[in-house]
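Lettered A, B and C in written order, each chain numbered from 1.
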């Protein structure tokens, strides 16, 4: 597997201090936490009142396509064996797409998500090859570039290819309970985040990675709250619950390299810039491009992903390859996503955007009994 | 402990490659995941609007009786010591009953669940003895037969013994948030499922068991969606969120034996037949028997449990004992459940079926503040 | 770290039977479970309809202050290195404050929680020093005294210092979905509890600690149900979901010392007395002191914490130091909390108590779409 080339070296050296089988079983639980996070991303996106089941359904459909196809591709074409590293690679691929669909949720029919899943796998395998085989020395143990940046820019590529402006006029109402699910998802994603960024690290880097990740995330909580309070005197829960996760996005590329203090600062910068993106960049981009990033993916994953990707350069740990990785992922993501967007354009559109009624017998079910 | 006799052999051979204590601590986390699943089963059943707290309460009451009584029985009568295997056995017993009560939830008073818990333990210990001591060579590492089939047919035995037709006329309304809890429960159950089916496996089978389980489950997601879309053009969330778990039910008996491709196919067959059971068998059975399987337990656990139980025979890995196990569990489950149902018949009935108001000060609490 | 002085001895002796690194990685997952519980405590307190997001926000703000400050203090002033024990110490500190704020939630402005976090850290470090350095031979592996008692009495100290009676007249309405979140939180806290009480135990005590904890908790479920049914004929979910956790609170101090039967009895006593505290002590205290313990912290953590702290004495395992620890924690908690309460008194008060509208754009968001 390409993406793991540098990580595998680590793991093999770790095998001298810890039984291989034991190390693998530890990865079982970190891997499972990543599957857990994949599902929670759906609940993070559940705030649009009329679309709450549609988000869950779309998440499951892309999981059901990306996960087995990724495994099939690597075992068939690259002689990979099915081990814990391959399973982690497959769920990383799936979670990347679950993040990416947040950009264009509601812009395509439910059944089109099966097509999206199939088309995503080669895109993702290409970016893995680009980052870890074509380039040499890219630091991204925790997926700031591979997962978050690629998700954001591939998703933006899709929406720019699709260019379906009708959705902009749809109301996106929320309800109390759906926003409470977002709080739950955000807070549990924060808890599980260390397993995501250390999933492919050798055992001896896991505890320090946990410390760095939680320090980055609590810094994001603090800075997000302070900025929202200072500028708005009110806490928009749909900005707060998202931006507090930006520390986790930004720490990914240097989780095994930064000091605790550096990690806290990376979280502070990531969370701060994510909050400002939600407040200012979001509206500007919407006006410029004429499309709407339904779940603010660019603000949480795109911008903080860039910050995280560049962090190792600022820390003096990485050089030119890291910069090429960041710029290349942005461009490749947009281009490959755009192509997929054009393909999706020819498929049938949803009759009514952002509405569970497109897929579910929602009207009857909801009419029954209020609250 | 009877049920673990063949598994224990496995574990002892594992001890040669991995420290016993380390293997046991890995089981701690898989065991904990099963306790997590026990609670999530309650939320999977939470969709009936007027019964959402009642389901949680009933789950806790049967947990509070089955778990300690199972441990008490094995330590008192069979000289078992309290170790991780016994704890897993006890939570397997408890989760089996939590599944089983889904058949007759709302048909009995809340307090009767304490009686159900007490009466269930000998039933469950008998089926353990039947499967793993009386029979020789039964393959069921992940509980397709012991947990899922027995839960379904024991539960059906109870409802046939009870025969309380009044409940059929009760409306079972849903609300948006309660169905969203069902989505959450279903998606997290999917994530945790590998820990359930590998809980009693030796360390060297855990990673491949994880791969097989997730492959079976994503196949169920796919087939459930395709069938519902093809036949109905709409996705009933209360069929979808249930049937997608059937792959996990069906993979149980061969999780340590099937190849990845076979696992995917087992999930496809399990999920497909579960979906068809929800769409067609459910109504037919209801008409024939005159009783209503409140939570569709037969469709998710009964039928896919049979598929899973027979899978090792189809794969050429098991023989006559496996067939006897499947048929025997069906018959024994129905008979033992029927006896318990007759006993429950003499206890006071709930004044109003499927209503939290029977147990909770629900009217005041709900009246306060809508949404 | 002071609190771990006796525990560390245990761990060092454990290192002879299990690789240090392996033991540390096992603690990774138990530690993560404690972070999970920290978030769930917020959802346990989410039942007040107009305050459900405010609880989550306050939880995150105290986490964002206590966690890094505790680490900063120990690494700066006590030359601690950042390892898994220090991370567990830090999340224990944070969860203690998350429990404590339940006493005075809604009595102070949201921004004041940042101040509370800063002021709490020295209080908590003092009680750690008192229990594990000043005293000798205090048994409290699972935090009955350090976490639960200190949280309750420090929180009560704060509210007595604040003395803001206005809040007593605020209505505290609930809604169905917010109470369902409480059920979810309570049931998952029960599942994760063994990781909390065994987080600092050596590997060889973890499995027996798990057995003892679950036995204590199922006993609490049973006794809470029986008492509520016997005395009230109805199950108040906001008493039931709380009191069933009292077994976990009470088992903390003797989780590594009690027999399974003793553990079950400790859970029975803890759950029973907690239930009675909710039914009778709560109202009496409110009348006597004129303040309202918003989340019933005294009933779940204070009284069962005392029971748990005294249990080792009853079991004949501890002596005078244990009694001094219990009484001292009560007094020190009240005094230190009282001082913080006086400081908070000079800060601006919330314009409207127990209302998300104080911090969130709640009115618009909730108005949009019912249910």
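FYI, a contact is a pair of C-beta atoms (placed from the backbone, for glycine too) under 8 Å apart; a residue touches a chain by one contact, two chains touch by 3 or more.
Listed by chain with UniProt protein names: A, B, C = Ammonium transporter.
Note that the structure is predicted; figures quoted are calculated from it, not measured.
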Interface numbering overlap (same over half, different under half) for subunit A and subunit C: different
When subunit B is superposed on subunit C by its C-alpha atoms, the rotation angle in degrees, nearest 5: 120
Whole-Å separation of chain centres (CA-atom averages), subunit A against subunit C: 33
In subunit B, residues with contacts to at least two other chains: 22, 29, 175-177, 366, 370-371
Interfacial residue positions of subunit B with respect to subunit A in the complex: 17-18, 22, 26, 29, 33, 49-50, 173-177, 179-180, 183-184, 187-188, 190-192, 194-195, 203-204, 206-208, 210-211, 214-215, 218-219, 221-222, 225, 229, 234-237, 240, 244, 260, 264, 366, 370-371
Subunit C partner contacts - residues on subunit B that touch it in the complex: 19, 21-22, 24-25, 28-29, 31-32, 35-36, 38-39, 42-43, 46, 52-53, 56-57, 59-61, 63-65, 67-68, 71, 82-84, 87, 110-111, 114, 175-178, 181, 359-361, 365-366, 368-371
